[in-house]
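Going in written order, the chains are labelled A, B, C and D, and every chain counts its residues from 1.
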Amino acid sequence: MKPFEIVETPIDIQKYSDYVLHPSAGAVTIFTGNVREWTHGVKTLYLSYEAYIPMAEKKLAQIGAEMEVKWPGIRVAIAHRIGELQISDIAVVIAVSSPHRKAAYEANEYAIDRIKEIVPIWKKEIWEDGEEWIGAQKKYPEKGVEQA
Amino acid sequence: MIQVHYFARLRELTGKGQETLHRDSMTVSELLDWAEATYPGFGADTIQVAVNEEYALKEDVIHSGDVCAFIPPVSGG
Amino acid sequence: MKPFEIVETPIDIQKYSDYVLHPSAGAVTIFTGNVREWTHGVKTLYLSYEAYIPMAEKKLAQIGAEMEVKWPGIRVAIAHRIGELQISDIAVVIAVSSPHRKAAYEANEYAIDRIKEIVPIWKKEIWEDGEEWIGAQKKYPEKGVEQA
Amino acid sequence: MIQVHYFARLRELTGKGQETLHRDSMTVSELLDWAEATYPGFGADTIQVAVNEEYALKEDVIHSGDVCAFIPPVSGG
């Protein structure tokens, strides 16, 4: 595995947790974003993710570098899956270890916020009655859809 | 020659994942104008351009050999 | 497994992640507290945890119930290991799923704070030159020890 | 009879995990005073008492058949 990677197969959280763990780490936080079936009454059948892979991996690594500056002593691994994902599949995993827990929580949440801002990955939602690429300009206010 | 990549909605709109422009140089702004003119509904005002895998400014100059990508609003996570 | 349990064997995070995941969950946060080798220059050889098991499991369940009131729609599992733990072993795991990520982070952090307040579990640190039961009244200010 | 449990530092101090007091009833405060008098260094002022697995107040009354536990400051996590 690479610590910052785009993958096309199911994500095994243990692998990323193991990667960040080391003898000075007292806390590990793992975040997974999973495919949700229902979003404000609209049923998702499945999702399809696409990435500009080399740039996406560079941007994930950049986020990791930003985190290590903001929270010295942490260790980070991030993976995002692309292709077709079914309900409950993991789309993204963020693992952060830290000597103390506060940094592990804060840094982890920072990572997912940044991923949603700068990493060239796109999600298409496939519903029973259609499909649509989701993006910041498409908030579907009429359905009240929010991102996970 | 300048290589350009299309993703997601833009890949479906243009019907292609990439193509090559036979130009020696152009600005990012000119590239976006070209795309908007070539592919109606491109939505250039919502799209960022990456040059060699880094986000570029509108006034940045693209040179022959550069690899560009149109980056519509991202929705990973 | 029970969703709120004291265990005496190594903790498998996947089991708790699987427990909280369901089709309406868009986010899962997992926290693990791990045995840290170095704490402000003092080397830990290993830890020994002891619990008042039936009350500890009741208090873990109470924390889960508090969380579900504060963050409706989440699902929670918490396990704490007792006995001798070596460096990097997981002492505690908290898994929280939620439709949206903000609640999953907040609720998870709430859980570890509450565990450190009300769950009858005690940690003994064994160093090269001694050992001591750790508790709120024993902060070892001369060594500047902090909890994870 | 009232059963009492000792944990962690208190288990080591008393040299036992539990014992039985032959009393019909007493307050939590009385139980703590008894422990402090019986086991020098008990540190009753830093210790909470659980009665039947719930934290009790100093003025709560313990009855025969109740299971009590001395809870020194916890340090899980």
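Assume a residue touches a chain if its C-beta (ideal position, glycine included) is under 8 Å from a C-beta of that chain, and two chains touch if they have at least 3 such contacts.
Please read these numbers as outputs of a predicted model, since none were measured by experiment.
Q: How big is the gap, in whole Å, between where the Cα atoms of chain B centre and where those of chain D centre?
A: 72
Q: Report the inter-centroid distance (CA atoms only) between chain A and chain C in whole Å.
A: Centre-to-centre distance between chain A and chain C: 24 Å.
Q: Roughly how many whole angstrom separate the Cα centroids of chain B and chain C?
A: Roughly 48 Å separates the two chain centres.
Q: Going by the touch rule set out above, which residues of chain D reach two or more other chains?
A: none
Q: Identify all positions of chain C at which a residue touches two or more other chains, and write them in rising order.
A: 33, 112, 147-148
Q: Should the pattern of chain-chain touching be classed as line, ring, star, complete or other?
A: Shape = line; chains linked end to end, path left open.
Q: Who touches whom among the chains?
A: The set of touching chain pairs is A-B, A-C, C-D.
Q: Report the residues of chain A in contact with chain C in the complex, numbered from low to high.
A: Per the stated touch rule, the residues are 13-14, 17, 21-39, 87-88, 97, 99-101, 104-105, 108-109, 112, 146, 148.
Q: In the complex, go through chain D and note every residue touching chain C.
A: Against chain C, chain D makes touches at 5, 7-9, 11-12, 43, 46, 50, 53-55, 69, 71-77.
Q: If we count contacts the way the header does, which residues on chain A are in touch with chain B in the complex?
A: Those residues of chain A that touch chain B are 33, 49-52, 54-56, 58, 80, 91-92, 112, 115-124, 133-138, 147-148.
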